Amino acid sequence: MASIIDIKDECALHVRDFEFTYKGAAAPSLKKVSMPIAKHSVTALIGPSGCGKTTLLRSFNRMHDLYPGNTYNGEIEFEGRNILNPKEDLIHLRTKIGMIFQKPTAFPMSIFDNVAYGMRLQGIKNKSELEGRVEKALQDAALWKEVKDRLKHDANGLSGGQQQRLCIARAIAVEPEVLLFDEPTSALDPISTQGIEKLVIELKERVSIIIVTHNMQQAARVSDYTGFMYLGELIELGHTEELFVTPKEKLTQEYITGKFG
Amino acid sequence: MTAVQKRIIINKLALAFSTLSAIIALAFLFWILGVLVMKGVHALNWNIFIYEGSPPGYAESGLKHALVGQLILVGLATFIGVPLGILAGTYLSEYGKNSKLAHTIRDISDIMMSAPSIVIGAFVYAVVVMPMGHFSAWAGAIALAIIMIPVILRTTDDMLQLVPGTLREAAFALGAPKYKVIIDIVYRGAKAGILTGVLLGIARVGGETAPLLFTSFNDNFFTTDLNEAMPSLTVTMFNYAISPYDDWQQLGWAAAFILSMFILGLNIMGRLILLMGKRK
Amino acid sequence: MLPRYENKLNEIRGMISVMLSQIIQSSEETLKAFETDNAELYESSRTYIKNIQVDANKIDNEIIKTFALFGPEADELRLLVAYLKMTNEIDRIGDGLKKYSKRLHDHCMGGCDMSVLTNAIIQLHKTTINALQYIAECLKNINSCDADDTYRKVMVEESKNDDLFSLMEKELLNLIIDANELAVEYVRVLGTLRKLERIGDRTVNIASLMLYAQKGGELNLHS
Amino acid sequence: MIDKIFLNMTRTSALLILFIVAWIFVVLFNHSTEAMQTFGLDFITKDEWAPNLDKFGAYAAIFGSVASTFLAMLLAIPIAIGVAIFLSEIAHDKIKGFFGVSVELLAAIPSVIYGMWGLFFFVPILRDLFGGMGIGLLAAGIVLAIMILPFMAAVTRDAMNTTPDILKESAYALGGTQWDVIKDVIIPYAKAGIIGSLILALGRAIGETMAVTFVMGNVHHTPNSIMDPTTSIPVTLANEFTEADSSLYFSSLFGLALTLLIMSFVVIAVAKFYFLRKVRKGQ
Amino acid sequence: MASIIDIKDECALHVRDFEFTYKGAAAPSLKKVSMPIAKHSVTALIGPSGCGKTTLLRSFNRMHDLYPGNTYNGEIEFEGRNILNPKEDLIHLRTKIGMIFQKPTAFPMSIFDNVAYGMRLQGIKNKSELEGRVEKALQDAALWKEVKDRLKHDANGLSGGQQQRLCIARAIAVEPEVLLFDEPTSALDPISTQGIEKLVIELKERVSIIIVTHNMQQAARVSDYTGFMYLGELIELGHTEELFVTPKEKLTQEYITGKFG
Amino acid sequence: MLPRYENKLNEIRGMISVMLSQIIQSSEETLKAFETDNAELYESSRTYIKNIQVDANKIDNEIIKTFALFGPEADELRLLVAYLKMTNEIDRIGDGLKKYSKRLHDHCMGGCDMSVLTNAIIQLHKTTINALQYIAECLKNINSCDADDTYRKVMVEESKNDDLFSLMEKELLNLIIDANELAVEYVRVLGTLRKLERIGDRTVNIASLMLYAQKGGELNLHS
């Protein structure tokens, strides 16, 4: 039923027959989802609220494990292994698959320490190395110019858009392979949103990106591949251009032309 | 050992310590609770509700005087304290808002909330008991009310502020006058919260002993005269507990148990009301 | 979908339908005029399509507004783009038809001997009208009509049209060689008939646009 | 019209609070002037408390209050933070609910009951362990510690719970362990709130009467060891207020009350103005 | 500098040289704004955050008066008088000019009482009259079918979209002349948003509507006239269709094509 | 604006520019071929525009994608719609030019006496090239070029074009009347030249589309 594109290029992640059930729920929230995630490209997940797009996203770094009782089934392949394996080293996995959240999550520490945090967790203590990588990460997040004179200031003094870019800098500082974005601009004004979108497009040169968004136009603007989800199923995955001009599934068509409801 | 392994070990140690401290704390607390229940239930019998206090050694001694006295004192305090607390809280939330006066009142009342209750007792002794010349239920109730007002004021203020500003604006936008907005919308919206505040306020003063020691004082006999010294569970409990008589100590534990159940009941009720309010 | 948006889409479809039916009426009346040699009918046939260019531009502007206001996606986007391209074709059809009717009228009043061509002209005319009717029919239910079938049928008419025109061209060139003074007139007749032939090409384009709107894929037009 | 009446009712009620507080200070001050005039600074620096000689030095009581509170805080703070961490970050949902509610309910139990428990059950153990009477500074400190523990743990947990989930999640998402998240995110985030609530607990401990009345000993004597019985301001007030037979005795007790009020006022004001204000600003 | 369309039809409101200054602010937040608001049509106000669009909207029912110290200047004409007059009867004005807020503001009472609230304030006590008008208002707000069997239930049990429609029912129950919408869908999901947009278009048959939205596409979809505001000034007011196809001012153009920032 | 969106717009403009310059090169080479009577040049002139229809369709599809992904508004919307209409015109120009070049080649190899027309044809050709160059120039900076001026200049060339064509038509019809066997050939020459004349009309449409993209107002095209 679903129409899933076959990705010829190398894949960053490969989801196969993936099912996810929340603690105590009778039915799985994700039903037999199979999808490839292309390397060095942006894959957007769209769909009405409750369709499971965020649930899927949070499975990629096993975020659900923070709340016990949820069950995974199927396979998510990453670097040749199934990350759903209970023995998977989650600390390692999460340094390889970073995440950006709906709201900016600047830690209550200085700007510098925020960006350095992930590296320090990995045991990097050398000051000059830290400084170099913090600067690079901030530059990559298009934030360096704005904060270079106040690295020691509290990160909460930054604006929402700046904080979100700080979170991106923090995430890329540990050089992950994949970045997960969970509606990263839903708390931001249009101008900051534009900044983040620009950044997402630039970042795909180095990381593979999966972005969940409730804003269809955003998916259209930034992504190379778009997946449309509905009631826990992946209905369609295709090149963004094709999906928005000629969706293969009727449901997709109805969703993107606003005929739902 | 890599940095990550080190972190994992430190993590385990830290979590073990906090679990251990939780166990220690709870062990002590359950010990106390256990003692209270064992002793209390053991001492509990019908006589307690039927008989007044009597000298040690008498079989027909009970707590009727203290139970009724406690209810009268707390009831009277509630009667005085609740309306004043709610009205004052209303002023802070709806009129004073962020004015200097409102902030001063808030700060002072917060400090009052944690002020030593025995000092309040001393104060009421000076301004009520001394002029009257003798201890009285009024004095006790006033002392309790003074303790209660800041509690209710603060919760009322907080709960009213939780009512979204847009809800008020929406009522104004329909052409409602301010007092109507407050009574129809704000009070209604904060109903559960205010009620909880009142219950917690009552629970708070229900357990107070110190301010009653020299205001309502104590009496071993049943009375309903508000101008006389009035017995209360807390003071009775205190007196019985420090007495050397075994049967009085027994009665003391019974009183402690009854009072604790009463206060726990109020607390649980308050919690349930808030929960139900939230669930809606 | 907002009712307003749906109305706008329907309105645009309606406007295009009207244009098409005006063209059909006009060409039917031209045919009648030719068959009955009726000067008045020639005149009146052209009144149907007098304002076709204005209408086409109006539709284009409505489509642009719809783009601006509703940001169409997927099938609606394809439909609107197809409409935008269709108005070009219809406008040209209208223009061609106008000139054709006028010049046919002139020819019939003039001195050429059209008799050898009469049948072929009627045939050419009929295939054109058929093709136009097929697309008008499909347009009425653009979302559900069988655009594939329409395309096939229009193509059939178009190839008939082509064959007929080749035949007539040969005939006419022969006439020209023999005609001397009338040669110029025959040259003109040829030009006139070519206009009718062109209409066939454009109906094919319209049919292929409808197919695109329905099915997607790549937009492909032919001159 | 009705609007005006309503406004005036609420305003009067609100102003009443200020009036009562001011009045308390005035009354306590007035009643203690006699003692202050008689003893001057000696009132707080001398520890001789002899009603029969009309000599009143509050040093022992003040020292007892401070020492027992200090002891209580020393014992309670690490455990309370441990409990708070356990409740907010470690315990599973079911345990969390049960323990959480127990802790809060225990915070509501009248303090007089802690005192009774201390007297009848805890003091004997101390007596067996260390000899002596059992009653004294250590017993008071421990009972106070246990009494404020639930309050402290509950407020600390509440402060920790204000940390937004996604803030914690983003630290996990960088590969942090639970302890990393607690020490680097939750505690820094809730720092001001935690310190503020610890100080509030301190304020409570200073003013606490009933829990310590039983186990302090009520001896006006500065203790030599933590096992010695001594007294504190509230204990003195509770035991002697109704027995005061001279106006100087009476005035001295009011002096004690005023001292206590000022001590707790200062502590709570510091908590509020310095730490809790920060929390509010942060949010 | 500004390009303001001249409205030939009757106007519901007429703003002339309007200035508004927040308490304690050095400069006015609205600077010499002049605009006609056409009767029985939808006028949308768009612009970047902080441009003053909500401030302007809240001036129409003198909402700013709830917070003392703000100053009005200039004129807003409504039913032949200047409503900025300090002697204006605000209670009457607000029954004539209703308002819908960003988030649903269902009062903590039953559905029926919510809708009846405004009428009761006006002194209507007759039960059958109340019932009739409540039903009509709910029908007009496209909510009757969903709630007719639970009119006595608490209004907070409704979904976000239903609550917002309830607020609309409550506002139209008192038969106002003008309805002000302050980003009415910013807290709603796409489907509920569509419902509200439909309603706005239907309602203009009877009331004049002014809607503030941060969502440009929404302005395009629902409005007849659009005003673009920037830094407290009204830069352009025009027919929506024209403004979005051929804006007259460069600033408008840059805003609607997303070139700001 | 997202860089991606800007790139897309530039890409589309670039593709159209390339098509236009191919057309200009092709027509310049045809002219050269005609002037020097060089058969090879005729051949090669057509290779420039071999794929013009494919390119036009490709551009259309890019425009549709841009609509789908970025929901353009205001000047960008007008520009994209103008492009969508322009590809039609350019496609037709290319088609016309291809046929023109081929047939001119044939005529020159054939027996007609073109000498009386040579100058006029060169003139006609030049005005066409001029008009094409004007629009190509303006397209390079579509946001800032003086579209008004371009439109005026293109119109001037177009009216020259018209005059020249009327002259030639008269000339040719005279030739036809006298020519007997060669009449058919002359009829064909007329048709060929008409193709060139048509290109002029289309350049006017393109200029008016550019004007619309810049200034807005109502979209107005003429057949």
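Here the chain labels run A, B, C, D, E and F in written order, and each chain numbers its own residues starting at 1.
Note that a contact is a pair of C-beta atoms (placed from the backbone, for glycine too) under 8 Å apart; a residue touches a chain by one contact, two chains touch by 3 or more.
Source: prediction; values computed, not measured.
J.: Steps needed, at minimum, to get from chain B to chain D via touching chains?
T.: The distance in steps between these two chains is 1.
J.: Show which chains lie in contact with chain A and also with chain C.
T.: Correct list: E, F.
J.: Can we say the copies chain C and chain F touch using the same residue numbers, with more than half in common, or are the two sides different?
T.: Same; most numbers are used by both chain C and chain F.
J.: On a C-alpha centroid basis, what's the spacing between chain B and chain C, in Å?
T.: 90
J.: Whole-Å distance, chain C centre to chain D centre, using C-alpha means?
T.: Inter-chain centre distance comes to 94 Å.
J.: Find the geometric centre of each of chain B and chain E from their Cα atoms only, then give the gap between the two centres in Å, rounded to an integer.
T.: 47
J.: Taking each chain's centre as the mean position of its Cα atoms, how many Å separate chain D from chain E?
T.: Each chain reduced to its C-alpha mean, chain D and chain E end up 53 Å apart.
J.: Where in chain F do residues touch two or more other chains at once?
T.: In chain F, residues 2, 64, 68, 71-74, 77-78 touch at least two other chains, as defined above.
J.: Quick one: which residues in chain D touch 2 or more of the other chains?
T.: 175, 177, 180
J.: Give me the residue numbers in chain E that touch at least two other chains, ranges are fine.
T.: 194, 217, 244-245, 258
J.: Work through the pairs of chains, note which ones touch, and then classify the graph as line, ring, star, complete or other.
T.: other
J.: Just spell out which pairs of chains touch, all of them.
T.: Here the touching chain pairs work out to A-B, A-C, A-D, A-E, A-F, B-D, B-E, C-E, C-F, E-F.
J.: Where on chain C does chain E make contact in their complex?
T.: It comes out as residues 1-5, 64-65, 68-71.
J.: So in the complex, which bits of chain C are touching chain F?
T.: For chain C paired with chain F, touching residues are 53, 56-57, 60-61, 63-64, 67-68, 71-74, 77-78, 81, 84-85, 88, 91-92, 94-95, 173, 176-177, 180-181, 183-184, 187, 190-191, 218-223.
J.: Under the stated contact criterion, what part of chain A meets chain D in this complex?
T.: So the residues of chain A in touch with chain D come to 61, 63, 66, 68, 90-92, 94-95, 98-99, 101-103, 105, 107-109, 117-118, 121-122, 156, 167, 170-171, 174.
J.: Which chain B residues qualify as touching chain E in the complex?
T.: 164, 166-177, 180, 184-185, 188-189, 191, 280
J.: Mind pulling up the chain D residues that touch chain B in the complex?
T.: 2-3, 6-7, 9-18, 20-21, 23-24, 27-28, 31, 78-83, 85-87, 90-91, 99, 101-106, 108-117, 119-121, 146, 149-150, 153, 175, 177-180, 182-183, 200, 203-204, 206-210, 213-214, 234, 237-238, 241-242, 253-254, 257, 260-261, 264-265, 268-269, 272-273
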